[in-house]
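In structure tokens below, several structures.
Heads up, the next two complexes both have subunit A, just with different partners, subunit B and then subunit C.
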Partner chain A sequence: MNLLEFARGPVIHWALIILVAGTIWRLLGVLILTRGADLSRPRDAFGNFKGYRTVFSRAWPSGEFTVATRYQTIMAYFFHFATLIVVIGITPHIEFITSLTGYSWPALPNAVGVAVGTIALVSLIALIGRRLSMPKIYCSNIGDYVTWVLVATPLITGLLAFAHLGARYETMLAIHILSVAALFVWFPFSKLMHSFWFIFSRAQSGLSYAHKGVRI
Partner chain B sequence: MAHNSTLGELLRSQGVSRRAFLKFCTTTASVMALPATLVPVMADALEQVRRPSVIWLSFQECTGCTEALTRSHAPTLENLIFNFISLDYHHALQAASGRAAEAAREEAMRENAGKYLLLVDGSIPTVKAYSTIAGISNLDMLMDSAPNAAAIIAVGTCAAYGGLPMAAPNPTSAVSVSDLIKDKPIINIPGCPPIPLAMTGVLAHYLTLGTLPALDALGRPLAFYGDTIHDRCYRRPFYDRGLFAKTFDDEGARKGWCLYKLGCKGPVAYNACANVKWNQGVSFPIQSGHGCIGCCEPGFWDNGGIYESIARGQFGTGPQMGVAGMVGAGVGAGAALLARSKKERAAAAHRAAE
Partner chain C sequence: MSTPATITPIFPTFEQVCQGFGSQIGMLREMAPKPTHSAEVRVARAIDTLIAETNADEAVWLESCIHCGQCTTACHFFQATGETKYAPMRKMELYRRIYQREIGPFRWWYQLITSPIKLQDLEDLQELVYDSCSECGRCTMVCPMGIDTASLVHHLRSALVAAELVPPELSALREEQRHRGTVFGASSDTLLQMVKTISEHYGVEIPVDKASAEVMVLSSAVDLVANGNGLLATAKVMNHLGVDWTVCTDGFESANFGLLSGDMTLWRRQVEPIVAAAQRIGAKTLVIAECGHAYPALRWNPMLKSEDLPFDMVFMSEYMGRMAKEGRLRLSPLKGKITFHDPCKTGRRGGAFDEPRAVLKAMDADLVELPANREYNWCCGGGAGIFLLERATRLRDESFKIKLNQVNATGASMVVVSCASCRLNFEVGRVKNHWDKEVASLVELVADHLIEPPAAATAGAHA
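Here is the complex of A and B:
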């Protein structure tokens, strides 16, 4: 069994299983916890709605913080959207998802995929640059750096494989698939779970503040 | 075997002009990526070479490799060369049969010990009874013939890497030539079947220079197996632009778009089909509208469906992911409930302490 067969076969098989099991574990493990009732009188009659609205209203820093946070917010949005477009918009990725779920949709032209992938990589590099240059703002631990490497490696190896740079194509493709598998395995047990948790943590803050009559 | 004429004499007797012979040498040298200065050397060497003894052992094979080699619409120089080498043993092509055939093989091996070329076709079952010739198992015949051979050429994917017989569940415990022979130079010329020019090019190289051509990590001559089909495919611009045929009869297929989504293994298949092509350069599978199946790669039969693209994984993950989800839910819910009960116990202990 060569490296590509190994990567496409047992490695991605187990990585997907760990991803699904780990994500549901971590999600339910937080959601089923109690939050402790706030026994005070609610100051706002429509508290729940305001809580759910917070999920969206926190999508952009509020007025007084906008200037100070504008750069990193824009960079982060570029990174997140570009990565999402690359993951669901490129033909081989759609083929992979089709083989898992049966759904398919039209793909982006390859040149657009390369351009968007490059934007994702550049913004990711800008973000790590900011993190490294401002240690007092970002109290980073090892997990943050490991996460960055595991997210950057699929982007880099994917671009290299498509451009037929670096190792031979089948080796580069195998490395790309292996790096994605590493990301899948790391995902549920790291800060990357924010991709699911952020909805609930924003809603939770919104609910508790709205109960107290604070609008955020 | 009676006549011992040189190749030059044989070609002249067949009416092949010197000009045609030189054209052949030039073409072969260029296909093998040999420098142009070697063309006169090759011409002289081929002219003088006497009939080398070649023994072709057919094991667990379908005879497709022989068919590819010998099928031609018109007599070609490649075929003449093939007729020139003293093919002392070949099941499909030899006139003798039975004991006479085996006697011819043994005599050729004795007379040309150390100098004959062994061409092996088909995989070798390690459970000996599955394939025998004249009562001799394939395994024994190979191990007897190999020590005195000058070199071994494994023709076709079966001989080179095990091929179809070795595909799961490998009922005959088949192996390739290089799994058994470790102390002889082996050239693998894979393909199902291999391109005829790859065979004759390697033979011409060996006859001219007395050495094996440059090989890659899988023992294949780089001249024919150095690039992937994808690198030379004429449909590559459509791949780059993301224009794919989705079925065999849709608009994309009619317009000749890339066949990646229909399972073409071109990006991971190393062969010369896309530039040398088949039937003297008429066409090759992709040009005829069917994706490459990667028939020159080891284990290609077990590498997923022929119509499943490379991007599709090889796993039966659907039900297993469902089970994984449930296991995760169980663990997560269990962890949360445990935390809740700990919290309640701590609260109860706090109340009791007050």
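Here is the complex of A and C:
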């Protein structure tokens, strides 16, 4: 078994198992906790439901905070969408997903894949640049940096492999898959879990403020 | 009955009230109790308190923070000082560590890699959750995860109560309210004395302990021991409305040092006599004095099943707003340009936005909104008991400058507030900054602008 076979075989499969099991464990470990009851009478009988809109409305900062949050919001949007497009849009990824699930869909042209991957990487660098230059605001910890490295590495190695740069293609591909495996393993234990938490967190706050008749 | 215009005022001006309050607060520091338990017991109690108070909501919020730093743009204490330790996200770091070690799904792992909590950790936390967080909730408005840091800070205050680490001023008042049921010595006798003074000097009657009444009105220690004008104004407004109202000697105090310190038991215990009194007299409405935190303490008390209560709980500004909307408040026009400050406890954390504005509209006021208003209003820096903390003076003064600039930007000559804490903080800020603005309380402003039809005035007083 060479490096690529090792990466494509046991490594990525075990990483996926840890990703799924760890994510479920962490979600359940939190969500099975009891919910504290607010016994006070809501401002409007059915007003609390309005709180759920915070899940969506918080996708963009309020005008009140536009100036302060603009850079980060725009970069974060570029990063999230570009990454998503690359993850599900290029041929090798679709083939990998097909091998796991049987589903497939048309891929983006390679040039587009490279362009979008570059956007993802550049925006990620723009984000870490800001984090590093403003330590007072970000209060970064080790987890923030480990997460950044583990997210950036698959993007860098993927672009290099895709563009046939750096090491031999098979080696680069193997490194890319290993870096993705590292990301999968890290995911359930890190702040990357915000990809699930955001729904619950926003909904909870939305509901608790809507209870008082406040739209957040 | 003589008209108010002919009466010499006997109560101090609010500037004098502020000065008097300053010396009273100084005495509190000496009265604060000393810790009685060992460090181990105090730490264990703090941790147990957090474990007991942490539900799925708190856990999700603690899990969700991505250290994006946006909360810093919303926090007046961070913005005023630029010091990283005041970043809202930092205020929950210790909570998260305790959660990860004790409750979280990977606690076995975090018990290996994180160090146990020490008393020093909790001592360091004191400044973060008392001095530098007014639980105003503005950071929730910007957080992309929508984390409600203010509620997490409230739980941390609870933990510090268990660890005997309440700042001295709040601790002394908590002890006083716990053991003697008074705040700043404001007992039922103080109330009766004040009622008598108001009746004798101003000829304004305050119905006390009526067997039954439609509306029960609360007062607050600030009004009873210092600012008599507050209770006087409340009485004038209630009499003007001609409603069947009363003040109860066994449930009159709005201030709740259980909520402010984080002592949930005292919070509940302080609410019970008020609810009992309101039920006994068959009140339909309970009017909470202009005391910001009393609104969440009563109206939004999560431990009180208010759905089952036969009465509504409303804040003073809310009550006057409803009356204004019904056309029952007859007010003379208010001259000059004014602005309104939403207290965080009744505004963003309470939802009473429209009513105070309806009152101002009834005065035909030229209201210019603050650049950031309603849900986005900046806290004045004195809320959640911070006004009482001497140690927080610098934080308060610095963060007040944000407010000062916001008010200046409106070009108004007067800023109207509807919360005793905010008002005290504004007044101190006004004096310190030689500010040319007038700071007014909504209820006192209304009382000064009542148009009394000759007959209604007498009828109202005896309703």
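Rule of thumb we're sticking to: the second predicted complex is superposed on the first by the 214 of 216 C-alpha atoms of A that agree within 3 Å, B and C clash if a C-alpha of one lies under 4 Å from a C-alpha of the other, contacts with A are read in each partner's own complex, and residues count from 1 in each chain.
Here is the rule we go by: a residue touches a chain if its C-beta (ideal position, glycine included) is under 8 Å from a C-beta of that chain, and two chains touch if they have at least 3 such contacts.
Small disclaimer: the values here were computed from a predicted structure and weren't measured.
Student: Per the contact definition in the header, classify A:E95: touching subunit B only (first), subunit C only (second), both, or neither.
Tutor: Touch status of A:E95: first partner only.
Student: For A:T153, decide between first (touching subunit B), second (touching subunit C), both and neither.
Tutor: Touch partners of A:T153: none, neither subunit B nor subunit C.
Student: Could you tell me if A:L108 is touching subunit B, subunit C, both of them or neither one (first, second, both, neither)?
Tutor: The first partner, subunit B, only.
Student: With both complexes overlaid on chain A, does A:T118 touch subunit B (first), subunit C (second), both or neither?
Tutor: neither
Student: When both complexes are superposed, which of subunit B and subunit C contacts more residues belonging to subunit A?
Tutor: C
Student: Kindly classify A:A37 by the partners it touches after superposition: subunit B alone (first), subunit C alone (second), both, or neither?
Tutor: So A:A37 only meets subunit C here.
Student: Answer with first, second, both or neither: which of subunit B and subunit C does A:L173 touch in the superposed model?
Tutor: first
Student: Taking the superposition on A as described, I'd like to know which of subunit B and subunit C A:R26 touches: first, second, both or neither.
Tutor: both
Student: Could you tell me if A:I17 is touching subunit B, subunit C, both of them or neither one (first, second, both, neither)?
Tutor: The first partner, subunit B, only.
Student: For subunit A, which residues lie in the overlap of the subunit B contacts and the subunit C contacts?
Tutor: Residues 25-26, 28-34 of subunit A touch both subunit B and subunit C.
Student: Once bound in the complex, which stretches of subunit B touch subunit A?
Tutor: Interface residues on the subunit B side: 228, 230-231, 239-242, 244, 260-261, 267-268, 298-299, 303-304, 308-315, 317-318, 320-321, 324-325, 327-329, 331-333, 335-337, 339-340, 343.
Student: Once bound in the complex, which stretches of subunit A touch subunit C?
Tutor: 25-26, 28-41, 43, 54, 58, 61-62, 64-65, 68-69, 72, 76, 131, 134-141, 144, 189, 191, 193-194, 197-198, 200-202, 204-206, 208-209, 211-216
Student: Going by the contact rule at the top, pick out the subunit A residues touching subunit B in the complex.
Tutor: Subunit A residues touching subunit B: 1-2, 4-5, 8-10, 12-13, 16-18, 20-34, 91-93, 95-96, 98-100, 107-111, 113, 164, 169-170, 173.
Student: Within the complex, which stretch of subunit C touches subunit A?
Tutor: Where subunit C meets subunit A, its residues are 53-61, 63-70, 72-74, 82-84, 87, 89-90, 103-106, 109, 137, 140-148, 151, 299-307, 309, 348-351, 372, 375-376.
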